[in-house]
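In order of appearance the chains are A, B, C, D, E, F, G and H, and numbering begins at 1 in each one.
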Amino acid sequence: MTQVRWDHDRESRTGVPEVVYGPGKTKAHLRQLFENEKGLRMASRLSDEQMDVLRDLATIYPEARMAVLNPRPKRNIPLVPVVTAGTADIPVALEAATTLEAMGVPVGTHFDVGVAGIHRLQSILPELTAARVCIVVAGMDGALAAVVAGLLRAPVIGVPTSVGTGVAQGGLVALNTMLASCSPGVAVVNIDNGFGAACLALKILGTERPD
Amino acid sequence: MTQVRWDHDRESRTGVPEVVYGPGKTKAHLRQLFENEKGLRMASRLSDEQMDVLRDLATIYPEARMAVLNPRPKRNIPLVPVVTAGTADIPVALEAATTLEAMGVPVGTHFDVGVAGIHRLQSILPELTAARVCIVVAGMDGALAAVVAGLLRAPVIGVPTSVGTGVAQGGLVALNTMLASCSPGVAVVNIDNGFGAACLALKILGTERPD
Amino acid sequence: MTQVRWDHDRESRTGVPEVVYGPGKTKAHLRQLFENEKGLRMASRLSDEQMDVLRDLATIYPEARMAVLNPRPKRNIPLVPVVTAGTADIPVALEAATTLEAMGVPVGTHFDVGVAGIHRLQSILPELTAARVCIVVAGMDGALAAVVAGLLRAPVIGVPTSVGTGVAQGGLVALNTMLASCSPGVAVVNIDNGFGAACLALKILGTERPD
Amino acid sequence: MTQVRWDHDRESRTGVPEVVYGPGKTKAHLRQLFENEKGLRMASRLSDEQMDVLRDLATIYPEARMAVLNPRPKRNIPLVPVVTAGTADIPVALEAATTLEAMGVPVGTHFDVGVAGIHRLQSILPELTAARVCIVVAGMDGALAAVVAGLLRAPVIGVPTSVGTGVAQGGLVALNTMLASCSPGVAVVNIDNGFGAACLALKILGTERPD
Amino acid sequence: MTQVRWDHDRESRTGVPEVVYGPGKTKAHLRQLFENEKGLRMASRLSDEQMDVLRDLATIYPEARMAVLNPRPKRNIPLVPVVTAGTADIPVALEAATTLEAMGVPVGTHFDVGVAGIHRLQSILPELTAARVCIVVAGMDGALAAVVAGLLRAPVIGVPTSVGTGVAQGGLVALNTMLASCSPGVAVVNIDNGFGAACLALKILGTERPD
Amino acid sequence: MTQVRWDHDRESRTGVPEVVYGPGKTKAHLRQLFENEKGLRMASRLSDEQMDVLRDLATIYPEARMAVLNPRPKRNIPLVPVVTAGTADIPVALEAATTLEAMGVPVGTHFDVGVAGIHRLQSILPELTAARVCIVVAGMDGALAAVVAGLLRAPVIGVPTSVGTGVAQGGLVALNTMLASCSPGVAVVNIDNGFGAACLALKILGTERPD
Amino acid sequence: MTQVRWDHDRESRTGVPEVVYGPGKTKAHLRQLFENEKGLRMASRLSDEQMDVLRDLATIYPEARMAVLNPRPKRNIPLVPVVTAGTADIPVALEAATTLEAMGVPVGTHFDVGVAGIHRLQSILPELTAARVCIVVAGMDGALAAVVAGLLRAPVIGVPTSVGTGVAQGGLVALNTMLASCSPGVAVVNIDNGFGAACLALKILGTERPD
Amino acid sequence: MTQVRWDHDRESRTGVPEVVYGPGKTKAHLRQLFENEKGLRMASRLSDEQMDVLRDLATIYPEARMAVLNPRPKRNIPLVPVVTAGTADIPVALEAATTLEAMGVPVGTHFDVGVAGIHRLQSILPELTAARVCIVVAGMDGALAAVVAGLLRAPVIGVPTSVGTGVAQGGLVALNTMLASCSPGVAVVNIDNGFGAACLALKILGTERPD
């Protein structure tokens, strides 16, 4: 098998660890990456079969499609809210939440608070305004990120999802809505990129507590 | 000059009158269309020069870039709210409002109530909920249409505008956001098409009062 | 399982009920949503398996891919015509028709009256001109909406479909044709969105009879 | 000045002559191409200034933005109808008509017969059905080509135009509508390409009468 | 089953017959359309299963994915050349060729004469220049249509195909290359639309021999 | 003049102040917004004429095209590096830098360090690694954001610019490169949106020091 | 079966041999092309089944999805480096490398040296600077080609790959990044086109040693 | 004025010199870059005014829109052919030719040999086949690059241009045609990038003669 160059010091250099990206990985390769590993190891976008392969080696998060080995101890900082517009956005949100929790960051998840019933935001506003960074996951029209960013002092990370039909298929509408947001200060990441959103949140939180 | 085929019975057939579309019309042609006209006559998308040409023949609405001759008497029906997300959306909103008023429909305009400060919707909610049809004009992220449609029983006509920079340039983001709205029942028209929104509102109001 | 926030008062607030969107729903979840339900319950975009799961709990409409429980009594209002350009547009048309009938609105369906044989419109013109709102479903070139809107006083709701090959694949051509229609006053909804068209029709009809 | 390779035998080889494409041509170069020319010479897409330069050398068609020298004698064949959907499509239609007439082909022009008032087609149907080839010029929704092609035995050449606002800007909607036409047998040329449509008509007519 | 409106007089009105478009048709429906049919009947885009269903009722053309019943007698006119750039374009070319032959038009097929080895055109040039209309089928760069159109007096119908990888996927590059052709007079049809090309050829041939 | 709704408490609610967006503002309106203003007031995207109008009322930053009145006192925090790939990206970078400085944040600018000469990054690496947040402004290929993000613990805000020719025109390539970055944790904002990048930086810095 | 025109003298004319493109080829056809072949024969993009069919006739390269018969003897020239940004780009890189080696060109492969850890380039720089041509294979942001081209005297061939998620899906972002590269002199080929990159490298190397 | 980082050793490192890109440069800045310069200095994309400013300091090439100071002595190598499809492509071709000549490379230009009259290639074939690298400049359908690449052993650099109307506007069609070329081994650069093509040719030629 072709030899690859593992970027061993990525976390010390950038504050975020490498993740094992599931698609295309063989079973043997996956097991090898988790066996005898002493530090944190995460894998994402796993198929059902790949999760089965790792079940005895790591904790499996089936909805997030992730495996985690040796998570970091929980840090004593405010919850990072992870909010979705719809129920179909939940897997992406859980990829972000699981990554953050593996890194020791406490998370509060709130699903299905889309702008078609804007009053649903009211009940979670106290938690949102207490946060140091907030992740909003939304497909279809993606409008939730702008609404939340207009209410908070903390930076809002917008994760567009590929959820939607017709013109919304593939997530470009949600992506562009977040980029064009009339609320300045939304940090946008790639479509369905829950892991990237978690990394960005880690970097934002980390500026505060260089440990 | 080439002879054209005027669609004389369009209003009786479809409930909406023809409008004189300004771009490309010569001064002579414009004056000829308004002189000695006994019925309602409207022109839209007029340049400064074209408005000067018609100033003695019709009422000029410079912000809406329209001219109106012989408007219909005001009908005794609830106000049609015309709401914009930003100040740059106002010309499109006024094209819709001026067309409706020329047809006798009372209008209430509310500008700059974008979702970056969602609380601004609160004060106009009573007028919105009393309306039989509502027009929302928004560029950039276009998210306002979804939020309003989630609050009303009446149909909401969404008019995306070409207002915006970067990815929002040209209005496609606002258009797609409205089409992909998670609030079902938004009626979308073409970008910047204030006249089309007014025609659709007329048709919706007209089903109720066949006069 | 993750807890979601059901928008309980959506119908009273907006005039349209929530629909259970099939894709991604588990069998258990689907059954739970229909069992012991006393009011109207609809599900859409159901797979063959999902329809089998609900067959003993609700009425199944296989061509529309919907399930309906406790439909509303039929209202005494004129038929809403639902017209398609081709035969492949029928499933989208039936999603609109089934939703309307579940809400008590009488519907008249007319399929395969595309503009390649424009004379076929003649025989249904009386029903179209008697309607208070009309739904036109068309893929490929989407031209039927403009032709119908040029003939009626009532608002026309255009539903582009993803039917078509080559450049028409996915429905964007039909969508844009409807938005760019030279007949003013077409209300456009998202591609294949029969449910959205029905909701918009309900809102338009409802302005007239606040019950 | 850089020397170019004129394709001298293009007409004998392909049945269509070269045209002098105006944009970028200097005044001196333009005059040189028309002075002392003994055969047919055409120039298209001329600016006002370029037309002035050629006014003493050739016949100027200001609406078509063309200049023609030594047109061919009129052939004794049925009229080629050139039909437009709107008035803004006229310059493109006249580029086609002027090219055909320069080549000796008789033309019948019919402007502003768009599908928003489909009854306007009725009066010109006899001329259309008598034609051996028909040119339909349409911007915005471009739907007219499909409607006409559904009525005729002769081939229909569709010329999409860049006329339109919002999504229709630039002519892509009209182009795609014509390509996706549900009436088989529409021959589509590039946006605004009146000259190309005329060349195609010449080739179609020529198959019949090899002179 | 929903009733559809068959356009019975399409051929007498437009010179081209209706074709049964395979996708979505049930086996029962397909058989019903061919059983006891006395006139010409064609079906296209058939799946392997659909072809099996019709094997006892009609002649099956597996590469063209068509079925033909009661083809017309062969007309005594010059061959229509159907030329492809590559081997992967052959199925689309055969859809065109089979349709023409079913209508009695003689066809000459020439495959794999792409512009990467332009000398391969030389040997078929005599047949091409003798033709009254020529069909060029090409995916990838689609350049063959321009080259052929620069050599012939007859009209060239360009059929872009969805053959190609990377940027060429789906056929848009080939389509646009044909539309932007520097050889005027190419008649372009939709991507992969062999049937449409045949219909256009029929209309072009038919102008010459009104039978 | 139409009355607009100023969002007075935006800064206290979201941590970022409103900016006066220049395009479309009249001279009178601009002066009125700056005259007698006691707090911070910023205007952006000003034309040469608009800057002249405000020259006696505020400090003008001609390269940034901004005007600033009553800037906040400088905070005692590490420099925020604002880095550009090319010289044409400088105006966007200065919009970000000027906004930050108006809000009291110290800035270090470094221009023309694009990846075509990657060694130029070396000399500024110490300043970059000491920062709590870093802004990278790049058009054309936009690759600089990924390279920098791979070297730092701090979050990197990527601002794509519309600088570039051919495929890079308008900034979409730079935008997508940043979103698709193989370095996780880049926060992307809209094309040319220097102001938005500054707001996001403010929010990130602010989470650390609620003052 | 339809007869095709094999371009027998392509290699002598253009310096690159024809390759058998796997998709769509039947097993019988594939075997026939390799059996009794005396010269070099290559096939690419083979499925697992197609590779099995050729296993006894040619050398199979499963990761490259190629089969090679009668490779050329190795030329005595410097290694051509084939570098990838990530591990998912390896199959495309191996298509290039295998083609070059079949033609006798020595290759040095270096995988996973993406710009997120730019220091990984350092160790292979001596080999890169000694090369006469270098191939860079990258998906996602595609930024590696620009960085490498900024370091070398030799031409760099950029091969964008379809590797990536969200906006990077399909490879357009990587393609455009390479075209817009701020390092002049990158030669770009189609997405995933390892074979094309090898052909271009062959042509570049061949100019030097006309054998 | 903001200070920039000039990449002083770019030519020694990469074999190609930096060029002064005209757009946005002030007159003073331009003069400063040419005054007292002892080595080669080139500027490109100059406006008429910018060329006037440099007229006393450097040689001006008005059609190429370039200025050159201290060109290199002519190398004794075969001509590099620079071929265009049309006359409107000439300015881009001359940017490539002027850059090459400034670097001492002899050039042979051949304009207007597009594929609509493919016989025009015949007369220049001997020069093309003698070349070590060939540059093909083409807009509209861009098909010339594939045809030439199918005839030569030398690498062909394809430069798509933004020449064209309708779908060809902006050069994307020509770009994609070249990328999708059925002739393997075309090296594609960005739209209108004559300078980039020259740099790539320099790198290809330089591999052969390290001087």
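Worth a mention:
Just so it is clear, a contact is a pair of C-beta atoms (placed from the backbone, for glycine too) under 8 Å apart; a residue touches a chain by one contact, two chains touch by 3 or more.
Since we're looking at a predicted model, the values are computed, not measured.
Look at the CA centroids: the one farthest from the centroid of chain E belongs to F.
Chain E and chain H touch with mostly matching residues; of the residue numbers seen at this interface, over half occur in both copies. In terms of their C-alpha centroids, the spacing between chain C and chain F amounts to 46 Å. Computed from the mean C-alpha positions, the centre of chain F lies at a distance of 42 Å from the centre of chain G.
Averaged Cα coordinates give chain B a centre that lies 50 Å from the centre of chain H. Chain F and chain H, compared by their mean Cα positions, are separated by 35 Å. Contact of a single residue of chain A with at least two other chains is seen at positions 13, 116-117, 149-151, 166-168, 172, 175, 179-180, 183-184, 190-191.
The complete set of chain-chain contacts reads A-B, A-C, A-F, A-G, B-C, B-D, B-F, C-D, C-E, D-E, D-H, E-G, E-H, F-G, F-H, G-H.
Those residues of chain E that touch chain H in the complex are listed here as 85-86, 114-118, 140-143, 146-147, 149-151, 164, 166-168, 172-174, 176-184. Residue ranges on chain C touching chain A, taken from their complex, read 2-5, 7, 10, 13, 21, 23-24, 160, 162, 170-172, 175, 190-193. Interface of chain C with chain E (complex): residues 63, 87-88, 90, 109, 111-113, 116-117, 120, 165-169. Interface of chain G with chain H (complex): residues 13-16, 132-133, 149-155, 157, 175, 179-180, 183-191, 195-196, 199-200, 202-208.
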